[in-house]
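Here the chain labels run A, B, C, D, E and F in written order, and each chain numbers its own residues starting at 1.
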Amino acid sequence: MRSRLRDTPEGLDIAMFGVPLDLGSSFRSGARHGPAQIREMSRLIREVNYSTKIAPFDLCDIADIGDAPVNSLDLDASLSAIQQFVQTVLSADARPLAIGGDHTISLPILRSMAADGALAMIQVDAHSDTQDLMLGKKYASGTPFRRAVEEGLIDPRKTVQVGIRGTLFSADELDWALAQGITIIDMDEFEALGAADAARKARRVVAGSDCYMTFDIDALDPGVAPGAGGLEPGGISVRQAQVFLRELRGIPIVGADVVEVSPPLDPSGGTALAAANLMFEILCLLAESHSNASD
Amino acid sequence: MRSRLRDTPEGLDIAMFGVPLDLGSSFRSGARHGPAQIREMSRLIREVNYSTKIAPFDLCDIADIGDAPVNSLDLDASLSAIQQFVQTVLSADARPLAIGGDHTISLPILRSMAADGALAMIQVDAHSDTQDLMLGKKYASGTPFRRAVEEGLIDPRKTVQVGIRGTLFSADELDWALAQGITIIDMDEFEALGAADAARKARRVVAGSDCYMTFDIDALDPGVAPGAGGLEPGGISVRQAQVFLRELRGIPIVGADVVEVSPPLDPSGGTALAAANLMFEILCLLAESHSNASD
Amino acid sequence: MRSRLRDTPEGLDIAMFGVPLDLGSSFRSGARHGPAQIREMSRLIREVNYSTKIAPFDLCDIADIGDAPVNSLDLDASLSAIQQFVQTVLSADARPLAIGGDHTISLPILRSMAADGALAMIQVDAHSDTQDLMLGKKYASGTPFRRAVEEGLIDPRKTVQVGIRGTLFSADELDWALAQGITIIDMDEFEALGAADAARKARRVVAGSDCYMTFDIDALDPGVAPGAGGLEPGGISVRQAQVFLRELRGIPIVGADVVEVSPPLDPSGGTALAAANLMFEILCLLAESHSNASD
Amino acid sequence: MRSRLRDTPEGLDIAMFGVPLDLGSSFRSGARHGPAQIREMSRLIREVNYSTKIAPFDLCDIADIGDAPVNSLDLDASLSAIQQFVQTVLSADARPLAIGGDHTISLPILRSMAADGALAMIQVDAHSDTQDLMLGKKYASGTPFRRAVEEGLIDPRKTVQVGIRGTLFSADELDWALAQGITIIDMDEFEALGAADAARKARRVVAGSDCYMTFDIDALDPGVAPGAGGLEPGGISVRQAQVFLRELRGIPIVGADVVEVSPPLDPSGGTALAAANLMFEILCLLAESHSNASD
Amino acid sequence: MRSRLRDTPEGLDIAMFGVPLDLGSSFRSGARHGPAQIREMSRLIREVNYSTKIAPFDLCDIADIGDAPVNSLDLDASLSAIQQFVQTVLSADARPLAIGGDHTISLPILRSMAADGALAMIQVDAHSDTQDLMLGKKYASGTPFRRAVEEGLIDPRKTVQVGIRGTLFSADELDWALAQGITIIDMDEFEALGAADAARKARRVVAGSDCYMTFDIDALDPGVAPGAGGLEPGGISVRQAQVFLRELRGIPIVGADVVEVSPPLDPSGGTALAAANLMFEILCLLAESHSNASD
Amino acid sequence: MRSRLRDTPEGLDIAMFGVPLDLGSSFRSGARHGPAQIREMSRLIREVNYSTKIAPFDLCDIADIGDAPVNSLDLDASLSAIQQFVQTVLSADARPLAIGGDHTISLPILRSMAADGALAMIQVDAHSDTQDLMLGKKYASGTPFRRAVEEGLIDPRKTVQVGIRGTLFSADELDWALAQGITIIDMDEFEALGAADAARKARRVVAGSDCYMTFDIDALDPGVAPGAGGLEPGGISVRQAQVFLRELRGIPIVGADVVEVSPPLDPSGGTALAAANLMFEILCLLAESHSNASD
């Protein structure tokens, strides 16, 4: 994006960074290369949002501070390193905007961000990612929000998952999430409501709390985002995602991530382009939210 | 898909199989490799339909019984061999779900299935495939349903074609089909009705008869299914296809095919992924229909 | 397309030709190869429009007269050569349908066509292309319609731009165009109106004047047209473009172009296929318009 | 190539033409699209051979006369049509240079060319293509030279096959060819001799007779020609093929073909580029040979 | 390959199996998908080796017994599972031929195979893979043969590494291996000797002991094998590899693997095709070696 | 490469930089994206040359100082800007190593470097690039070394061109270069000599003068470098290029460039990988040469 590069988050309002880790992927990996390709495709983006006219780089001090340190052979060590890295961002009073990486990376980010209490969360995703175990493991791309609820990082009654539609391992796969109070706007409901009304419903769920936003690129239809870790045909369009995100203006978003872009699975870069575009939309939300908070 | 492999259809309720033949394609061939790629992409599909909660493998005994024997240098011999192969499936009291191959393969399947009388049929397709001759030939990918009507395999008054939109060789190209009583829900009507109402109209056409379902992947928009034999921009989305298919629950579907996926034209596998996903939707219909019939 | 090849425009009603030039592209070039790939993909198109039943080759004398002479090392010389080439088309009483090339090529075409006064214009595009300078240059792919207004080639009060949505260099980037009286139906309005009503609004803008049509392929969503010079996620579908174009029947369209297809950026040819399909829709409009004028 | 297009072979010394047929391929088809892609890639070739300084277009009257008429649904009809088409070329006193298509097409060409007696032949290929039957069929891409010997079209004692190396269906697969007197310079011998000495040995085999040249692109290594119908790792390089062909100067080559380029299997066009380059080398041989004969 | 599928190794002479694990890759992963793609490409291989006329399926009882059980989220558990799986192969008196997976998988295979003492080993590879640690980890794709020497699984004085050429982390990176007595025929020496003489030197190193063969596909030049985990330009050709392997006939090879094919990095499958071809060459060696041992 | 990023050349011994310009390409453009892709692929390269054990980053102070300022719509302005940029590098006493860009960029670099007199030059290339005009223009990718000789930037008697082989526009195309005294080691001679002896001959040509090195990636065979601007089948391998370059140790190389890598023509990055590898080889030469000069 048209942002400066920086070595540290000092003095920034919003710090963007990559998290090149995909050790949590059980099948289609490659998201470790996501940050590089999304940065490259972000060169096509200009300064001002056409629809909202938000100019994030005018509103806030924003920079790309490089990649979080990860060990691509060691998941546990990487989770700690990411958490610590985000801590330095927060200590500098900057809000984090992370580029994954697989969905596991949301967990260490939330661990840093929820130091003062559980956050609200908006998750756009084809899957709930609230399984207990994945291949017998507690930390993997299918489990981060189970852990986040268990650890008190997010408040399930203020958590909304949007775009859920994947085929299921079992018919009761989502029961745990629903029992915790998580709101699920699945694909059928999303289509029935339309993107704008779906956003309005999401707003009501998270109202009153600082909110984290996580966007799994597999929420998009595989026709437009074939380079996702998971692929669930019948997803939302980029246009729908844009309308949804723009309708969230005003929510106090304090951090965000975009995850699961796997360049080896889409060398043409279309998936990364969509991700870069949606990151820009989220950056506009973050910048306006920060700017409002500072007033 | 998450099904077992079997050598024979004995004991099965539903037998899936490939038909690796594309000798009926006059221009963009390659559908002979469709079964292999669709099988590979089907590994991304889990056990339970998110929207309908149908779990086909719980409802029925289902297996992949491999490929029908075809001779990739001899169309006539292949048509006979396919018909005979499907006969063994039916003799085992299993319902066939075929993976093409080009659209010619529907004809020998229908020849086996219509032994006791003409079937109703739902065809999702960009083209009517009711030409009399193609390059002077009676058996080719553009003619199977002309032959099927002539041979009494399908009842044209109980046949509905959905998604038709291709540019035409002549303005009267569809007159024969309409004169036979075939119902055409073309792309303009499909959009005007919406996918769910289009399905309801289709239900009315086929009501009261055992029904065959054939899905030509070129019904989808080339943006999401570039690896189709024919490519007609302006097609339906996978989401629309899913909604259409799910609205067909309850119809006595007795056999089905998905055809015209050509892997060499889409090595990334997006087309095959969409086909695998729609096959799963059709499998859910077949399984529920069989289960209902057995009660 | 199923048209004849001709060496000269003599005796033709509509002359199609390529303009293999991309010296006006500042970032993603390659549109110089557009004509070749669009011709190749146009082989999939048949003779008759499914929805409107227009058969352009029956209505008019149409041929492909090859490529306009350009010098791929000299932008100025090329602009002159294109203008002169179009002059020979017009002198033969044929209407031009050009295949780009980058968007700069519209300017020399308009210079030839507007000899008798400013034209109305319908522009389908993600960007307004009315910047004053691009990298300090007056002639480039982002400036042709600023020049066309300045030179009196198009009447801004009879000019409508459809599908505009790209991120902006500055919040006032479109102020000049609006101040001239250009009507902008941006993406948000296009979606709110629907494609058919957007077309009806466009008709009202251009009513009463001979009209030029220019279609930048980046108006389409990058998911379906990744091989465009610019890429702006969240665009229109081919289906929407078809509905929009078909609703323009009856307008006196006197010339047209389709631009910015860059084959190196989409070797699979999906973008060129969409372009060929939309060219056929525009050809139907041109042919019917010419036929009406001749009656 | 930098040749003119012509409608008929009248007045030409050498007539190049496409044969877009792949009905003889039993597994990896797509060669029907070979002529189009090879023509496109041939635009990179200039007028004069660097090494031999032969300028074929100066030596002879050469043109591309389009494609032979084939029926892509009917192999037998196509074989007749090709034979007849070549007959018109020969009747015009032109020498044919064909672009395949699969290897089956050499047979009808030879049937026309051998009207006055069996020809000598140089075949560069990974396979001998002298099987008796392929999937039970007499006419297919693996059998043309069995048929050609049986029909007296080529003289086996004056036939040399170069580059043979494919894994075999049985250990005695080549016994028939050897028993007829065909000379096989297999890959091991080709490497041991070097390309130039291999050519000298080939010259000795065909000495004294008019010679046909057939080049199956699978003779090249799959690393450089992945878009071949058959793929046999461990093949010759383009450089070796160039040296081999250049060393054949002076042989009375009266006709030739380059076959088995399948664009869907190599959309990047590298295989077609290699084929176009080798066609140019063969064209140089044909032109010099024709020029010598005319002196 | 043209082998049967089997559920167990019982009764087999040679058991082929996949090891879909790439958790040992620190940078370019994807080798977990190697077995599937290599199996697919192996369909192009016939029954008999052209050069040696070895027909492995006639000599031995050979089958593909599927994939070793691995946990794609747990490297340690996977190493144990692979070792145990190979144990069942050996217990059935079959010789293992594994398809990787990244190079880490050689270690658990060797742990099973070296139960009765250290083996000789021939390693074809661009890298020595004898680092002590990789990103601080003892088990990874760059360390297996350091571990294998330390654990006494291979005898370094009877180990030869062929094709080594990668840029180094430090100038003394290979000192440990050389100090242990490992023989390195690096790329410069391989070229100076030629493939056949390099094989003869390798034979002398391993003479007198049961020998394991491991082939890292990155030994090949990236031009022919771009889908390798590591990529070191300037490698050996498939032809050179074939000549090298064929010259090893007579050595008592008791097990082998081919590793590091990463399909996402080469969706066209050329790398997997080369791997399948070289696996066939190794299978011929294994089969002849087993057959000799049984006489 | 494993080098630091720097904003200025101050304090460096060798300054690497990109020149993202392809306005000099008349046909296959895209080299403007070369620097980005080569940088990305250079991440696979480690610190020490395997064969020569040269560790350039230990010998010299080396950094990547970003891209030279170019205007992608203005060739003349860009040539001036490049020349000025290189001047700043030289003023800082650093030696330039440029990444193109098309071959036109060598001219402004030489203009800066030859301030004190004509340089010797080694050019590895498929074409001589000494045409007088290209499409009527004096500055283009086919003319830089005609200009360089005319302007006295290089001494033709101390200039050697290696790997020349492209088909020619006319048989006398190279006469001018030869008349000036340029030495041409064409592909035939390169193969006859072998890479090492070709290098020794090149050394003799440039002996005694400061030498510039320019490497056009189209010197490599298109099988390994398909993403080149020009493509001439039958080229040198990366291995041959490595051997050639390593044999040039000791020559006083004072600057260099690697040009014509066009990422859109090879999105897989194989061409850029080869270019990065050869850049490392050249960097080793530059570093050792600088180090020798400093002793």
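Things worth noting here:
Note that a contact is a pair of C-beta atoms (placed from the backbone, for glycine too) under 8 Å apart; a residue touches a chain by one contact, two chains touch by 3 or more.
On a predicted model such as this, the values are computed, not experimentally measured, just so you know.
Sharing over half of its contact pairs with D-F by residue number, the repeated interface among C-F, C-D or D-E is D-E. Inter-chain centre distance (chain B to chain D, centres taken as mean C-alpha positions): 40 Å. With centres taken as mean Cα positions, chain E sits 43 Å from chain B.
Residues of chain B in contact with at least two other chains: 27, 221, 223-224, 265, 268. Pairs of chains meeting the touch criterion: A-B, A-C, A-E, A-F, B-C, B-D, B-E, C-D, C-F, D-E, D-F, E-F. Residues 43-51, 53, 55, 221, 223-225, 237-239, 242, 268, 270, 273-274, 277-278, 280 of chain F touch chain E in their complex. Interface residues of chain F, counted against chain D in their complex, comprise 27-28, 164-171, 173, 186-188, 191, 221-224, 226, 230-231, 233-235, 265-266. Against chain C, the residues of chain F that register as touching in their complex are 22-27, 29-30, 32, 71-75, 134-137, 140, 262, 264-265. Across the interface of their complex, chain F is touched by residues 36, 40, 267-268 of chain A.
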